[in-house]
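Two complexes, one shared chain (chain A), two partners (chain B, chain C).
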Partner chain A sequence: MRTLIIISHPDVDESSSQQFLLQSISHLSSDQVTVHLLEKTYPDGVIDFEKEQALLRLHDRILFQFPFYWYSSPPMLKKWQDEVLTDHFAFGYRGNKLEGKELGLVLSIGLAEKDYQAGGQEGFSISELTRPYQAVAKKTGMTYLKPLAVFQFPYKNEAEKMRLLIDYQQYVTLSKPDSLKYREEWLVKALAETSEETLPGENVAFVIDQVIERVEDNRMELDELRMHIDNYHD
Partner chain B sequence: MRTLIIISHPDVDESSSQQFLLQSISHLSSDQVTVHLLEKTYPDGVIDFEKEQALLRLHDRILFQFPFYWYSSPPMLKKWQDEVLTDHFAFGYRGNKLEGKELGLVLSIGLAEKDYQAGGQEGFSISELTRPYQAVAKKTGMTYLKPLAVFQFPYKNEAEKMRLLIDYQQYVTLSKPDSLKYREEWLVKALAETSEETLPGENVAFVIDQVIERVEDNRMELDELRMHIDNYHD
Partner chain C sequence: MNEQEWIIQELERLFETSQDYKQKALLQEAIDILKEQDLRKEQLQGELDGTLWSPGNWGV
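For the complex of A and B:
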């Protein structure tokens, strides 16, 4: 699976959250992921729509990554949508070039998650406010992924940042990023690849082995439970 | 009441619906309405946010008028939002400069109204897809008006265009554009001002008088019904 991350940000170099996200996937190969910074690629704002359409065809998962200003993307991404997602390409007669691909959102948001609900400060949920993107996925025949919303990045502690790093890597690379089973397998694989050289501290190898064993035990228990439930239904 | 119509369109001169809407309010005075064409005012895309904020302060009703491409505005209006609706002006500490004003949308839409519902071609309603603008109104303390959606303008017949002309004039000028009573009063006044000179055909004055009489009779009947209902509740 190849993922295209389309980033729109008026000043990506100065954004701590964008830089953190970029760094956390910098080890991935170009076979896995393409990072595409719109404002840097087109500083004059003139988009090469044929090049963009060719890029889209090469990838299976398309992510729109941007700060959620006024409940939508920066203007550059909207310009991209209007000029690249054309009739006969993305919709309409023979406009099936995006069909079957996935569309996801990576949103950086200044307020807290609790503010986005009825009665909260913003009054509406992220699901409601991102409906236009869900409609884009529907119109183009793409599968809409559950958005990855990064709330209040500057206030995150180290543990929360590590959690975000894993969530983001999985959102970019995992074939089913919303499945517990797939996320477990991914974690076991990532842990197995971790070695004493890449991590500081004593007894690291032992700790990692213990964590892997625990995750695998949990999975066996969950699988057994599922088996019981399936038998019950038969 | 003064209304500011902020129009965003990549090519407003070539848009038949935008030209129709502009013509239908061309008789209104500058005390009543200001038409503000964003792309023409800022051809280089550089927005004078202080001038824009001063313009907003001068008006009571703000309308965003644009083609509903990909379920949102053209990029220029989003740029305007991001740069003009700043902290301490539109929200945040002392950011109450738009409080109590009204925010409305005038959307030109290529498909039919029936396509915008669950199970329809687009899958989501206009209310759902315009949630981000409703959230802007909430955040800035503005009253959100029911959007005026113009579906499939090129397919409209003359009667439908006349209906749109009245709806749009009322949306721009009427203090309560959604109230039947106010719309009736507006219509009676507009008809009374109509004369044989401005309309072709024979017996025009007589026909207009008849229409006014009919509308006023209807209103009296509705008022009587309301009185009965009120008595019933007492």
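For the complex of A and C:
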């Protein structure tokens, strides 16, 4: 699976959350992920729509990543949508070029999660406020992914930032980022590949092997328990 | 100490010694997943026990 991350931000170099996210995936190869910074690619605002459409066709998962300004994106991403997602390409006669791909949002949001609900400070949920993107996915035949919303990045502690780092890596690379089973498979692969050079001490390889074995044994037990329950109901 | 507790303790030890930020995050994810698996095993075991002991299924 190849992922295209389309970032729209007025000053991505000065954004601590955007820099953190970019750093989180800096080790991924260009076969896996393409990071595309709109404002940097088109400083004069003139978008090469053919180049953009070619880029979209090369990828399976398309992510729009931006700060959530006034319940929408910065203007550059809207302009990009207007000029790139055109008739005969994204919709209309023979406009099926995005069909079967996935569309996801990575939102950085200044307020807390609790504010986005009926009765909360903002009064509406993120699902309600992102309806236009859901409609884009529907119209173009794409599968809409549950967004990755980053609330109040500067207030996060180290443990929360580390969880965000992993969530983001999985959001970019994992076929079902929400599933425990898929997260387990991702973890086992990542642990097997982790470098021992940055892990001083004894028995490191042994402990890592034990962790992998434990995760896999737990999965077998979980699947067996589920099977017993399902059998009983049959 | 059971095996699960021992492994989590070892992971916490590796977390402290790791010199790489992304690796630390990965080790924390390993701890989170092991704990989540344990919780789900407990929940499924509870569901299975509840199913087996439900008077509605005794068939008398």
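The rule is simple: the second predicted complex is superposed on the first by the 216 of 234 C-alpha atoms of A that agree within 3 Å, B and C clash if a C-alpha of one lies under 4 Å from a C-alpha of the other, contacts with A are read in each partner's own complex, and residues count from 1 in each chain.
Heads up, the rule we're going with is that a contact is a pair of C-beta atoms (placed from the backbone, for glycine too) under 8 Å apart; a residue touches a chain by one contact, two chains touch by 3 or more.
For clarity, every value in this text was computed on a predicted model and none was experimentally measured.
J.: Is chain A touched at more residues by chain B or by chain C?
T.: With both complexes superposed on chain A, more residues of chain A are touched by C.
J.: Taking the superposition on A as described, I'd like to know which of chain B and chain C A:Met227 touches: first, second, both or neither.
T.: Touch status of A:Met227: no partner.
J.: With both complexes superposed on chain A, which partner does A:Leu129 reach: first (chain B), second (chain C), both or neither?
T.: So A:Leu129 only meets chain B here.
J.: For A:Leu111, is the partner it touches chain B (first), chain C (second), both, or none of the two (neither)?
T.: In the superposed model, A:Leu111 contacts neither chain B nor chain C.
J.: May I ask you to decide whether A:Ala192 touches chain B, chain C, both, or neither, giving the answer as first, second, both or neither?
T.: After superposition on chain A, A:Ala192 lies in contact with neither partner.
J.: After superposition on the shared chain, which partner residues are touched by A:Ala205: those of chain B (first), chain C (second), both, or neither?
T.: A:Ala205 contacts neither chain B nor chain C.
J.: Of the residues on chain A, which ones does chain B touch that chain C also touches?
T.: Of chain A, no residue contacts chain B in one complex and chain C in the other.
J.: Which residues of chain A touch chain C in the complex?
T.: The contact residues of chain A facing chain C are 24, 27, 159, 162-163, 165-166, 180, 183-184, 187, 190-191, 194-195, 198-201, 204, 207, 210-211, 214-215, 218-219, 221-222, 225-226, 228-229, 232-233.
J.: Could you list, by residue number, the parts of chain C that touch chain A in their complex?
T.: 3-4, 7, 10-11, 13-14, 17-26, 28-30, 32-34, 36-38, 40-41, 44-45, 47-48, 51-52
J.: For a test of understanding, state which residues of chain B touch chain A in their complex under the given definition.
T.: Interface residues on chain B, with respect to chain A: 10, 45, 69-76, 78-79, 81-82, 85, 122-124, 128-129, 131-132, 134-136, 138-139.
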